[in-house]
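The chains carry the letters A, B, C and D, assigned in the order they are written, with residues numbered from 1 in each.
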């Protein structure tokens, strides 16, 4: 059947997905259109709620996003930073290391 | 005695790679890569040797079995490529020296 | 990284070195051309011969100094390299009637197309088909490119010290 | 004429970009316009030749071409293969099509992106040389030519990474790239030497036919696998990737992604065709799977905290390579087991190969979008960006398409290939599948960070004068976006006509050997 990709355990049909997406979209638009009457631009309805104060027009910078994630995974990231030194000697060293590990695996694997 | 070139090959390659791993001076790293390349060129030339064979030069050649000139062709190609690579790396070292004022591989700006 | 100006290199080295370099220029050129032209007969060919000719540029740069080196036109050298490469590719393409890189001139009796008599021979120049022209093209290209590399690196490092 | 072109296409697809690059120093005297027209024309011609060749090869008709022989198919005039032999089977054609298409789009994008005075001819020369190197790497049937083209690729991409040489960082990245890639290429040459010493052959098919798999062959296998895994950026040999992709000009980064895919092709070719079942495939397959898992996870976790937009994307390029290694590694691990191979091995490989083409497209689109941001704002620091969607809505849309695709959201193409990998790998080992899904989630999280910090938010005063990108840039990005959508909506056709033959060709070791011998 066209439009169906067999993916090992199941199948994936983008056309069916698109049809479902469009139906859901239509329902959403239908529901949205019923509420349009009460909506007015430029009033408090469109403003962000900020404890009753004027919402500040700021932008969260990239460095502050996912702050909590980095706090919880701090130890992992310190380990990663130690690994990524940026020194060219370490690059060559890791290449040699992988070569040695693979060689050990392949030759020992033959013996087992 | 036939193994002597191959021992030299292994020594040269190890020497070159250990220079690339251990030396902090970037010019010495380039030298290490060049030494490794020379080791591999030596391997290719050594592989081309056949006992009792004649060098594959047609001019003034005695009427005997000639060796196949493939390893020599490979060596020449590899020398040419090595020259290009060395020239490239040295010009990058020159540029980095101009910007950073040092040829130390640990003085880097890209890391993490 | 600013260094003290070293004016002594601007005009090159002493007159003795200059004269020696100019005298050496002739045998170096001849050796290079010999290696290129006999590439199909003796070990050598386009790359070694071109490299020998490129040492001429290096010799000139060292002997004559920075001011004279500026007279060498980078554009012209790179143009010559391009000519060499296109010539090489052309000799590859003319065989395409049969296969790419087919040696169309060999044993044809025309230019470089002499048949080689079997056995011990003193080395016949007009043999080997498209290989000698390809050697010449490669020789031109390598001489030009290596000269360009040496020239650019020389000028760049000299600039650095100003 | 058509038949003539088709017959000589395997040699011409390599020779055409090479000759175009050779002629560039002469053409540069005619000015920048001539240089650009010539480069685009050469790449268009290459692309059409590759498509012509690919259509023929995909219909089950592999091409073998011996350079300099009296007839192109005369590979063994004396009973053993001599001369440089180019062998294009469906896998090679698949990769060649990806390389040619992306190179053409990158060239089109560069027409307006690259503004450096006096460097135009050099830029396009190097771009053409890179294309030639890639074409040679994926089409050759000879271990030594593989080394030569790998070095051609490394040298030209090294020069392109350092194209903006007035920044010290780009020279540094190029230096690191050159050191590691030349050592990797030397290991390939060493392996070629080991094979030549044992079998007196350099042809892949001939070596594959005579393979005894003694100790030296194992050493050669390890050298080749380590070198090509390093060139495609497998963790822990991936550090050069973030430097090189991050510092190169944006179109070059998009092209370097394809260069890594070409190395990946070489890795697969070595594992499946050169060694096949004879090798310790279970161990090698597990090695690839473990490398793939590490690559996936460490790549994506390193990407999240990055503040440089291109460095972030280059860590994602590392992470996505892990999916391909995983899919194909699973297939390699079950290669000796016919039942497992039939039930999920082939699907895993198809997923991996499908991901190759998808990755080349969406990663290209993302890098080009990053290039558009850098082109207009002049900064690549995410902390300084913000509110660009007000001024560059088209870039924002293209970026979102790429971001959704790389995170595997339906109905984009990344979802189809990732689904194939998840479901087939789940039957091999469920844990691997779970980690792969986690990686996808983290990818989405990190791209939402980029989208939020670069495009959303109030308009910043310093970017008030920013305009939408020029036409050549959005046309090339638009083509990529359209193909991403099409591949997402019709994944079954892609798998049937492109990926399926390629995976069949990779598994059909006897067919590859028989093409030459």
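FYI, contacts are C-beta pairs under 8 Å (C-beta built on N, C-alpha and C of every residue); 3 or more make two chains touch, one makes a residue touch a chain.
It should be emphasised that the depicted structure is a prediction, and the values quoted were computed from it without experimental measurement.
Participant: Strictly by the touch rule at the top, which chains does chain A share as contacts with chain B?
Facilitator: Touches both chain A and chain B: D.
Participant: Starting from the mean Cα coordinates of chain A and chain D, work out the distance between those two points in Å.
Facilitator: 23
Participant: Can you check how far apart chain B and chain D are, centre to centre, with Cα atoms defining each centre and the answer in Å?
Facilitator: 27
Participant: Just how far, in Å, is the C-alpha centre of chain C from the one of chain A?
Facilitator: So the centre of chain A lies 55 Å away from the centre of chain C.
Participant: So which bits of chain A are touching at least two other chains?
Facilitator: 84, 86, 88, 92
Participant: Residues touching two or more other chains, restricted to chain C: which are they?
Facilitator: none
Participant: I need the residues of chain D touching at least two other chains; which ones are they?
Facilitator: If we look for residues of chain D contacting two or more partner chains, we find 175-176, 179, 183, 242-243, 302.
Participant: Linking chains that touch, what shape results: line, ring, star, complete or other?
Facilitator: other
Participant: Show me the residue ranges of chain C that touch chain D in the complex, using the header's touch definition.
Facilitator: Chain C reaches chain D through residues 75, 78-79, 81-83, 85-86, 88-89, 92-93, 95-96, 98-103.
Participant: Along chain A, where are the residues that touch chain B in the complex?
Facilitator: Residues 81, 84-89, 92-93, 96.
Participant: Quick check on the complex: what are the chain B residues that touch chain D?
Facilitator: Answer in residue numbers: 13, 17, 20, 26, 29-30, 33, 36-37, 40, 43-44, 47, 68, 70-71, 74, 77-78, 81, 84-85, 88-89, 92-93, 95-96, 98-100, 108-110, 112.
Participant: Help me check something: in the complex, which residues belonging to chain A touch chain D?
Facilitator: The touching residues are 2-10, 12, 14-15, 17-18, 21, 57-63, 65-66, 69-70, 73, 76-77, 80, 83-84, 86, 88, 90-92, 94-95, 97-99, 102-103, 105-107, 109-110.
Participant: Chain C touches which residues of chain D in the complex?
Facilitator: Residues of chain D touching chain C: 8, 11-12, 15, 18-19, 22-26, 28-29, 65-72, 84.
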